[in-house]
Every structure is written in structure tokens, then in C-alpha cells.
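Naming follows writing order (A, B and C), and every chain is counted from residue 1.
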Amino acid sequence: MLRRIFSLASGRIALVILAVIALLAIFGPLLAPHDPLATSTDLLAGPSGSHWLGTDNLGRDVFSRLLAGSRISVLGSLEVAAMALVVGAIPGIVSVYLGRAFEWLSLRLADTLVALPFLLFAVAVTALLGNGITQAMLVTGVLVSPMFYRVARAATMSVARSQYVEAALISGASLGWIVRRHVWVKVLPPIAVAFAQTIGVGFIVVSSLTFLGIGVQPPAPTWGGLLASDLGFLSYQPWAPFAPALLIMLTVWACNLLADAMRDVSGEAGRALINARKVRANQVAAGGSQ
Amino acid sequence: MILEVSDLDVHYGQRRRKRRALAGASLSVAPGEIVGLIGETGSGKSTLARAVLGLVRPSAGRIVVDGEDVTGYRTGQWRSLRRRGVIQYVFQDPLRSLDPELSIEDSLSEPLVVGGMSRAEAAKRVRTYLARVRLEEELLGRLPGELSGGQRQRVAVARALVTEPKLVILDEPVSALDSANRVQILEIVKELRATGVAFVFISHDLGSVAGIADRIAVLYQGELVETGPAREVVTEPSHAYTRLLVSSAPTLSTASAGRAEREALRALLNA
Amino acid sequence: MTSLAESPTVTSVADPVFAVRDVRVSNQVDGREIVRGVSFDLTPGKVVGIVGESGSGKTLTCRAVLGILPEHFTVSGGSVHIAGHDVSALSPAQWTALRGSTISAVFQDPASYLNPSIPVGSQIAEVVRVKTGVRRRQARRRTLDLLAAVHLRDPELVYTQYTFELSGGMLQRILIAAAIAADPQVLIADEATTALDVTVQAEILDLLADLRERTGLALVVVSHDLAVVAQLCDEVLVMRDGEVVEQGPTTQVLYRPRHSYTRLLITEHEQYGLDRYLDRTEAQS
């Protein structure tokens, strides 16, 4: 799968961007040239040799804050996606097997979650459980989980009705065996696509929540928080929001690109794509030889 | 007898929408016997097979498998019976009945591993039966999609044989195959019959079963309308539906029964 | 009783309505030639059968002569003349005009060719209106006639039914009705009876024989089963791996096969088929 994604230009771009973002998340806080929390008297300064992206309203180094904030931002969106995966995909798979009552209940629950406005819900829950990035992310994860639920359920249903599952049943296989042996591998690719997409969504959510001041306690830096504070001083530094906004956009775009690439290379669509390329290659070769 | 089905009734649906799929079907299969079960869409042939495999619950009648009355078996009892591998089933379309993401070796050893056999022993058994269906060992690492249709069906047959069953139910096993592969599968079946394995050969086409079955049973609208030795059923069919089947089966003989006879039989059956 | 000797032998007199000369089909993905030279002639009322297993190139041959090859496949050689026109010179619009009115086809899975959310009657009526340019009411009347012509018992009822209410055999009849709506001269039946029960298959084959007798329709019957083809055809082509390995009048192919593959097809029927219990006599005087 990974090799096939890499054969697509869009897949390569997405993976490279995401690799850079991942490196930022791991080493960013260590690379920061200044202490991201240290204030100075140099308020709202423009870019310079010591402050590459200038300073903010409290005189903190923006570049350092971006680097330091990358870890929380990335971790936060991963938390959202992981939570959604666990809360959505597993019930989605077992809803096909655990009988009508569970199926009905889980379906209605998924519908309910879809209907809830997530920002409002996140605000309410953080008010209840305390304002922390983890609480906020877990709540968001639960709220986007219906997508995983539906994707996993649809994929499982097509496998569950297949003859090879019936063949395994006739051989005396248990439910656990069937899920481990036959269902899991087939459900994984669509879930992976959903996962990549959700990481993108997670970024937007983390950014918008921290933009609203939910989830992250100041002065801890995040990309969304940076964007929010930069917007407050737009008249002094009109260019400042570009850096955090660009990072957020780039990451979300890369995640969606990866999701698209994954969808393109798996299944029927993947085969059609590869065939079309071969024809083109043959025609080019034929044209060259004439 | 390896299989004894007596007065089997199967209903689908509930209460007012209840529909009878099988009515009073009785069939027995002796070791080393090939029984052709003929019926068209909706005749109940698949229902009969599914009842014998414990996939649908009969509403009346009795099913005895290898001396064991399985009629009222619960899920757990069925599972332990299946794990002994006494009855096996071969689906019509091997491409769909083999997991596309599992190697041939994994697919073949599945019934053995599920039944509790060690991987090493299962690997040995798999190789024995692979040779029995005339396939090379190097296919074991491949995926079903990388095999030809004939090879796939032989894998499906081998999969049914690895547990050394006493009865194999084959559902239209050759209708998706070309001539050469069809003949090969039928020859394998004949060889195995000689070792005492019994077969139920399900098909909608009397012609495709006539040459290999010892006995033929004809299902029509949920009822067994005719059962007898193959030659008798083909040459002297007693029921009008069997006569229509014989007359409809394509044959190479250009002097076969014609349109007028079929027309008359259809009118008779619809009356 | 349609023994071959009695079938109309117009071959020598009439001009062919359909002439296929050395048609070749290539796959552009790997540049391989999948069909290597198929030739036959059809005169009104004549039936040609093509026998071969899946992958033998018989379906691609049909699609090539209908101008509906799948993506990445092209006709790489030979010629096809339909009612005197060389089809290689046709524009897509001319092809569309030709299909249905001169040459028509039915395929294996009838349900997939009909829209499940529209009653089948209006779908055929649409074909009638597009192909013959008549008004709605006339199209409806013509459709009912067509449904009766394919021996559907209650045309008025079938007209209003949806695909899910009809059996595979009935759907295939409906598609045949749509295919002959504009009185084509040639009908290609590509594995049209394969997915059907034997008794239904016999009904469809009887219907095709009936249409041919009544209207002089020329047929191309494609099947993997030599016996199906033998029931209906005057001439048989046996295809294997894209090549025609044997071609000739049906009786000759059945009783004096030259190629070992044809002999294998016959042996299979004699050993395992119904033929084992029947006397195989050459029904010729």
C-alpha cells in the first residue's frame, strides 16, 4: 500500500509534508531558538536575525512558539483521530455481528452524535471536565466517531455477507476468528482513509478550539492559539497570521491528499488508474519508436 | 448411511409472510455414493444443503449426519460438529468462496487450524490434498486472484477435502468452469468416491450431473418429485417436470426432443 | 423439431447482411492481440454460433463488431460490413443509428441493462420512440406487441412491472423485446442464456429459433457450451485463446471434428453429460 501511494505524485507530496510536520512535532520544541514562554521588552517586532518571524504582543519569539506549539497541535489531532477510531470503528465492526438490539442502539447513538453541534458540545464538556487539551480532544473524537462507525460498518457488512466468511463458518470458525482472519484486513483500508481525513479535521478542530481558548491553557503555545493572538494585533502586524495559518492549511491539505491517494490506489479504482498509466506509457513508447 | 434426511420442512419468514421453501423432503446418501440433486432457482436445493449444514433451522423433520441426530443442535453443538469436518461444502464460485487476501496455503489450512490441528501437521495435510487435486506446491504462496478459474475450483475442492470428510456437498461446482477443467474436477470426484467419500452434487442442469451421479433426486417447488438411479431418471422420467428437464438440457444430439414437446410439458406443469 | 437439414438454406442466394472478415482485437495495455482473425458471413435467417471458454475472445469479438469494445481495447485488423456498410468508417453518431435498427445484441446479465426504478415497459417504449420516432401512444402499443412477440404471458401486466418483480428468464425476454424493437436484421446473443436455469434457457433458445423463422432474423449465438450452440446454429466457430480452431457447418463440427479441442468438448458431453444415455445419431437423411 505504502509503495503504491508513493508511486503517485500526490501521495509523495503528502507523505513528505507529513513527515516534515511529524519531525516538527518530535523535535520542534528542542529546535526552538528561544524559550517560547520567555517575554521580552521587544514587543511586536518585525522579522530579524534573532527573531525570524518577529515577536508577539508580549515580546515572545513567534518562530519558537510555532515550533513548540507543533507538538501539542499534532498530538491533539492524533488524539482526535485515535479516539474516533476506537469509539467509531470497533462498534462499527461488531454492530454487524452482535445482533439487532446492539445494531439498533449503536445506529441511533451515531445519528445522535452527528446531530450535535460539536463546538457547543466541546465547550459544555470542557466546562464539566475541566479545560484541558486532552478532554477537548477526546470529546471531539467522540463527536467525529460516527464517520468511522459508518465506514467500518459498511466495509464489514460487505465482508460479512461474503461466501468466504460463510465457508469459514461451515468449517467451524468462531466469530473472533472470522473477524481477525477475514474481516479486519478488508476493513482496514477504508478506515485508514477515514483516519487520514480525520487527522486533517482534527487539526482544524484543535486550531479552532485553541483559537476560542478552549482546551489549551495560556500561555502554552499552539498553532491555533498563535493565529488567534496574531489576529488581535492585525493592525500592527498584518502579515503575522500567515505563518500559523499556512502551517495549518498545509497539514490539513497533506492529510486530505494522503486520504485521496490511499483511496485511489486501493481496490478497483487503483487498478483502473494503473492500467490507464500503462496505456499512456505504451503510447509514449510507440510514439518514440516511430 | 452417511446422511439421512427425512420429511424435512423448512420455512422462511415469519407469521403472515411465512413461505415454505422445502416440504417433506427425504433423501439418504450412502458412503461412496454420488447423488445428483437437481433443481432450479427457488426449488429449495440450496435450502436443503443449508439445512444439512446447520445454516437454516428446519421447522419439521429429521437430519441424521453420520449416525448423529443433528436436528435440534444449538450453535455450539454445530460448531463442534463442523470442527470435526465430517461434512464439507464447495461453493459454486471459488473466486468468492476463497478470501482474496489470504494465501492459498492459509485458505486451505483454515478448516484444519480451526479444528485444532497444529500448523505443522496442517501444512503436511494441505500438501497431500493439493497433490490429490493435481496442483503444484508453488501455488501455496499465491493469492486466489493469481490463479486460473480451474485452479481456484480445485483449491476449493482441496479445501473441502483436507478434513477428510465423509460427505462433500458440491454446489454447481463445474458450471463456472471450461471443459478441460470440468472434466478434471469430475475425474477427481470419481477418484475420491472410490475411497468411500460420498458426494451430493447440486445443479440446475440435469445434463451436467447425469454422467457422474449414481442416483438423481429432482426438486421442484420445494418437493422432491423424483428420485432414482441416474439412467432411469434420464431415460424414463416419470414426473412431467423431470421430462421437461431432460428435454431442455442441451445435448449434442441434433435429434433431441423438440420445441413442441417442451411447449406441451410447460403447459402441463402450469395447469 | 428443427433438424438442420430442414433449415432454410438461403445462404447461397441472399447477400450477407453481416460480413466479418479476419477481425483482430488488441489490448493496448500490454499490446497483445487478444482476438486473432475471426471471419464469418450471415445471411437473413442464418445462425452462426461461437463456442469458447471465458478468455477465448468470443465476447471481445462480439463487442468489436458492435463497436462497443471496453476501454484500452481496439480493433487492430480486419473489416466488418453491416448491411453493406464498412463500419470502420462510421462516426459515433452513425454507429448509434446503426445499433438497434440494423444490428442488436443481448448479453448475459439482463438485470444490469435495465433501470430498477422505472417500469420495464416504459424503458422499452423509450427505445421504440428513439429508434423508430413514433409517438408515445404508438410506442406503447408497439411495446405491448413486442412483449407478446417474446411470449410473455401478460404483456399489459409486465409493462407496468419493475425489474425486481421479474425473473431472470422474463428479464432476458424483455431485453430481447427491446433488442428487436426496431426490426434489426442481426441479433447477437452473447451468453444470453448462461445465467438462466436449463428449462428457462430452453425457452429462450426456442424463442430465438421462433424469431428467426418468423422474421428472418440472423443470429450470432455465443456460448461456452457446444450443446447450446448445436441446438440452434447452422455454422459453428470454435474459439480458443483468441483463435478460431475449427469452423464449419454444425453437423460437420459435431460428427467429424478435426481439432483436438473440439473433440474434447464433445467427449465431455458424451462422458459426463446427458449424451451418455442418449443415442447420438446424425439426424440427416
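We take it that a contact is a pair of C-beta atoms (placed from the backbone, for glycine too) under 8 Å apart; a residue touches a chain by one contact, two chains touch by 3 or more.
This structure is a prediction, so every number in the text was calculated from the model and none was measured.
Chain pair with the most C-beta contact pairs: B-C.
Ranked by distance of CA centroids from subunit A, the top chain is C.
Annotation: 53 Å between the Cα-based centres of subunit A and subunit C. We define each chain's centre as the mean of its Cα atoms; on that basis subunit A and subunit B are separated by 49 Å.
Per-chain Cα centroids separate subunit B from subunit C by 32 Å. Interface residues of subunit C facing subunit A in the complex, by the touch rule stated above, are 28-31, 71-72.
Interface of subunit A with subunit B (complex): residues 162-164, 166-174, 177, 181-182, 185-186.
Against subunit C, in their complex, subunit A makes its touches with residues 275-276, 278-279, 282-283.
Taken in their complex, subunit C has these residues touching subunit B: 1-4, 53-54, 167-168, 197-203, 205-206, 209-210, 224-228, 230-231, 250-251, 254, 264-283.
Remark: subunit B residues 53, 55, 79-85, 88-89, 91, 93, 96-99, 101-102, 107, 110-111, 114-115, 159, 163 touch subunit A in the complex.
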